[in-house]
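Step one of this worksheet: look at the structure below.
Chain lettering (A, B, C, D and E) follows the sequence in which the chains are written, and residue indices restart at 1 in each chain.
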Amino acid sequence: MTVSLADWFREAANWAFMIIAIPTLFAGWRTVTSNNIVRAVLYLVVSLAGTAALFIMLGAEFVGWTVVLVYIGAVIILFLIGIMITRAPLGVDADLSHARNVRTPAAVLGVLLFAVIGYAVIDAFENSMIEPFEPTATADLANLLFSRWVIPFEVVSFVLLAALIGGIALARKDDNGAQR
Amino acid sequence: MTIIQFVLLGTALFSMGLYGVITRKNAVLVLASVELMLAAVNINLVSFDAYLADQLHAGQMLALFVIALAAAEVGIGIAIVLMIYRNRQTADVDALSEMKG
Amino acid sequence: MTDTPEAAVDASETTELEMTAAETYAASLTERLGATGYSEEFDTVRVFVERDAWVETIVAASEELPFFSWLSAIDWSKTTEVGEGVDEPETLEERFEVICRLSSVENADGAIFVATVPKDDASIGSLTPHFGGAEWHEREAHEMFDIAFEGNKNLVPLYLPDDFIGHPLLKSYPLIAREVKPWPGDVDVEPMPDVASDSQDAEGSDT
Amino acid sequence: MNFWLLLVIEVVVMLLLVLTSSLVVIYAELKAGSHMQSRIGPYYAGGRWGWAQPLADGLKFLQKEDLSPTGADKTVYGFAPYVVLMSTLAIFVVIPLGPDLVAVDLDVGVYFVLAISSLSVLGILMAGWSSANKYSLMGGLRAAAQLIAYELPLVLAVVAVVVQAGTMSLNGIVEAQNDVWFSLGSFDVALPFVLRGQVLGFAIFMIAAVAELSRIPFDMPIAESELTMGYLTEYSGIRFTMFFLGEYASMVGLSAIAATLFLGGYGFPGVTGTWANILGPGILIGKIAVLVFLIIWIRWTWPRLREDQLQSMAWTWLIPLALLNIALIAGFKVVF
Amino acid sequence: MTSREMMHRSESAVSIELQTPDMTLNIGPQHPSTHGVLRLVAKVDGERIREVEPVIGYMHRGYEKLAEVRTYAQITALVNRIDWVSGFASEVPFILGVEKLMGVEAPERAQWIRLILSELARISSHLVFISSYPLELGATTPLMHSLREREYILELIEEVTGGRFHPNFNRVGGVKSAYGGGSTTKKQSMDLPAGFFKRTSEAMDRMDKICDDIDTLVTGNELIKMRTVGVGIIPPDKALEFGLSGPNLRASGVAYDLRKSDSYLTYDQVEFDVVSRPGGDCYDRYLVRLHEVRESVKIIRQAIDMIPSGPLQAKVPRVLKAPKGHVYSRAENPKGEFGYYIVSEGGKMPYRLKIRSTSFSNLTILPWILKGQLIPDLVAIMGSLDFVLGDVDR
């Protein structure tokens, strides 16, 4: 079945999508271009919040709130702490990005990537509608996680453990360090 | 809702992340760009999960794993950046060229 | 030490014998330290030290008098801008006296060490390597009297603003407020008419 | 009913509830604190017992000049209080006041609360950084380190409850506590989780909650004798009011969550059906009041910890204990 | 690679201790924990203080210069403004020095009154410390309790002297009487207000009670102990080297109390213990002060029993002129040894007056003790030294 643009706009959910998508894209753009390091990270927050909202729209409530809890509540905070401990100048810092000779090819590459994948996607999934669905029950997700997905889950646990130990090892104070 | 709109949004974010990874000099911002790319991937995963009405919820599961791994990655990444900063007083990735041949 | 705590309690009860005790202490301290002289009045022992021997004498004295109390200076000047001058200006030698007090922490012993510093070469060794607490006192003496303490690396003004000109505790430094307007309380110390005739008060111990 | 009408009613009721409750708690703190210090406290405002003191304070704050430092990042600086307040207010959306009295009965209610309340760190870091003040920055960093450290025991304590209840919906958790646990003859016993082996979890949750609130003895981020007021140093006027309201609202919010998770929420033995809807809010408010008073009591009695002591307390005591608690509860659940 | 980078690398090879760029933090002149206008320029690495440079002088009033143009009676009114928390106590050593210089002795009753008021000032000063120190550690309630009790003390002081903070009650040769400086036995001098001793002993009962209350509220508090035990340890040799005195010195294990070792007034006639603690940390400094309140209560109770009746003023000349000479007079103030070195050239004004103010000497240890501490410990240590800025700056 085909969907015309007019039909598309008639659907309320699509308006919600637009309301979420436009700030998400704008914030994503500012994340990679902003000259203020803290603001760049704060734009990333907006962008990630947008993705979380999209997940909730798509019925993946648990994943959506996980993004908020883990990404915004922890990862971004880590970013901000990292920035602020090293240096967090207020205002513009021109030395965050490469010069134009790097930026231009990168932009071309990005646009090219978008064009290629976009073309492929449109070609393949033209007018494929997402059927109406019920929000995923968290209980189902939990049951699946500990039955069908239990081995990947364990693997991820080990990766997290390794990361934990690695983080501690990296941040550990040298024993010889002067300590009063 | 069509699947295309979600995938295109994800693609756009991914492209931006790629642009950021290439152009950013500051290590933290490089990590942030990577996060943007991972978020784009997650959008794809979750939207296909909804599109396919997968009974195993593979998309959501993979998205959860990606989030977990991203958190681990950032933890280690920030620790390394801080380590470098403490020893070198810089977070500029281009300045780290000692290992060049 | 030979001085007893009672000796310092009450000046009026001090007998001839105990005065001697305080003086004996002063003399023996002076001798042990190899100082040039001493004076003892009003239970206040002052030990005179050569400028060159300043640091080593005080370090030696701190063996038995470990408590570093304070350090300051006196400006002996023939002329003063304000306030009362010295009694006999013509016999006075213009000089600084750098004074430092150490005392015991077990009894009433204690002495004020005095080193004379000429005004044209106002410098003396610093006690900071031996007494951490001396730094601020020396800084204060430096800004108030312009005495250099050799060895104190941080002789920046302590109290006064960085751009302050002058050394306020020098006798030659006028107190502007008092220059402009004499202290009104000054009249209070004149004999009041009704009491001046009171012979009982007037015959007090005006020594 | 019309969706939009319902939404408006819910929003208005929620806002009123939140604001009134924060004002009441502020008043309670003023009064309780004063009496603990052997003084009267607010007395004149409002004519009797100084009940209008929080309102008067609020009006005073509102008419104060809204200053921002010259070097501040004005946008971020202006936005930070809203982030903090928003993260607090959103908690109230999912708190069930009765079986049917809940704005949104989310399937992942507890998870939502944890996720949303973790956003306040972001607002605090924004405030600390954008104020262009070293004390603010240090306060913000302290807050971030502290909130992250105490979020873990908080989450772990909640996990134990979720394990025991078998659901993340707050309403479901309350109902699980109203279910019959065991029967003594013909007498059915339904107990809140705190009496079903969650004492440790409850203690951990409350300690972590006080730390999340940055209140004494965990008020390092705003310690006025060290960092003047931490990230609040430069704030004044309405923006300060927002932080202030946010603090008390989240005090109520976290107490409500604790009451719901551990003390049976709106449930009370013998109160069922329609009566639960009618009496539920009162019962919940009563439980919240007890917890709020506990938090106030602690604040007026204890001094503050030091940053490293706070961290070691979280990592070496609370988190292992919380993990142990989960293991015990899970084992309990499996065995019985 | 530049040489600077080389140097940096070699440094980092030696010590991989984490370090972030040092930040210069200006603590004060207006800061809640500086008790007024003290400024600390601290180089901090995160929360750790690398070094600290105290900047004082924001309240410098030049008392030593002012004293050179004032008569002895006028200086008495000046000196109680040095340490305003215990104003009476700063008057005592000065007046004792002047009396020694002039060969005047105050009547016995005046000495006892001075002793009682000194001890009241000590209790008042220590209560200020006991109230403000927990506040600095974050506990708000002890403040109210002990400041309320302090009001009773201040009322007593006001009742006798007319001033809560600046009594200006001492006269050369005695204490203030109805007829000003020239009182004689002939004229009935103004004595203590009726019922003063009864109210004082009632107040002393209150002090005992507040000490017990503070014991339960603060002394035994686990968090207070966590914050103060083992924090800011001052070994005795350092304390002596930096000229620390009073409770700060006694907390380091040196039982040095001028009331015992160089007794003045009538301290040799009363029974009391010199409180000292071996630890030298913040908790000990707090405990010493708390116990000294109890000791002061003991002293005042004895003094009330032992005070004789008699005149308040000795005979002194109308015009106070000191003979030529040097005198150093000191007393055990609430905060430590407070001394005046008076150099007289025979006039009605001193030629030079050196004020050995306690807090100044007590603060000289700051750069040493704060090095390497955490910022929260800075607050705990500075608070435990119990200084008054007027006493530091003079």
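We adopt the following convention: a residue touches a chain if its C-beta (ideal position, glycine included) is under 8 Å from a C-beta of that chain, and two chains touch if they have at least 3 such contacts.
Note that the structure is predicted; figures quoted are calculated from it, not measured.
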At minimum, the number of touching-chain hops separating chain C from chain D is 2
Where centres are the averaged C-alpha coordinates, which chain has the largest centre distance to chain D? C
Most distant chain from chain B by Cα centroid: C
Take the average of all CA coordinates in chain A, do the same for chain C, and state the distance between these two points in whole angstrom. 74
In whole angstrom, how far does the Cα centroid of chain A sit from the Cα centroid of chain D? 28
Chain-centre distance (mean CA atoms) for chain A and chain B, in whole Å, is 7
List the centre-to-centre spacing of chain B and chain C in whole Å, with centres computed as mean CA coordinates. 74
Among the residues of chain C, which ones contact at least 2 other chains? none
Specify, in ascending order, the residues of chain B that touch 2 or more different other chains. 82-83, 85
Show the residues in chain A shared as contacts by 2 or more other chains, in ascending order. 62, 66, 74, 81, 85-87, 171
Touching chain D in the complex, chain A uses residues 36, 38-39, 42, 45, 61-62, 65-66, 68-69, 72-74, 76-77, 80-81, 84-85, 88, 90-91, 135, 137-139
Which bits of chain A are touching chain B when the two form their complex? 3, 8, 11, 13-14, 17, 21, 24-25, 28-29, 31-32, 37, 40-41, 44, 47-48, 51, 54-55, 58-60, 62-63, 66-67, 70-71, 74-75, 78-79, 81-83, 85-87, 95-98, 102-103, 105-107, 109-111, 113-114, 117-118, 121-122, 125-131, 133, 136, 140-141, 144-145, 148-149, 152-153, 156, 159-160, 162-164, 166-167, 170-171
In the complex formed with chain D, which residues of chain E make contact? 23, 25-26, 31-33, 47, 134-141, 143-145, 148, 217, 221, 223-224, 226-227, 374-379, 383
Any idea which chain D residues touch chain A in the complex? 71-73, 76, 106-108, 111-112, 114-116, 118-119, 121-122, 125-126, 128-130, 132, 137, 140-141, 144-145, 148, 151, 167-168
Residues of chain E defined as touching chain C within the complex: 56-57, 60, 62, 64-66, 68-71, 73-74, 99-105, 182, 184, 186, 237-238, 240-245, 249, 254, 256, 261-264, 268, 315-321, 323-328, 337, 339, 341, 343, 345-349, 351-352, 354, 356, 360-361, 363-365, 368, 393
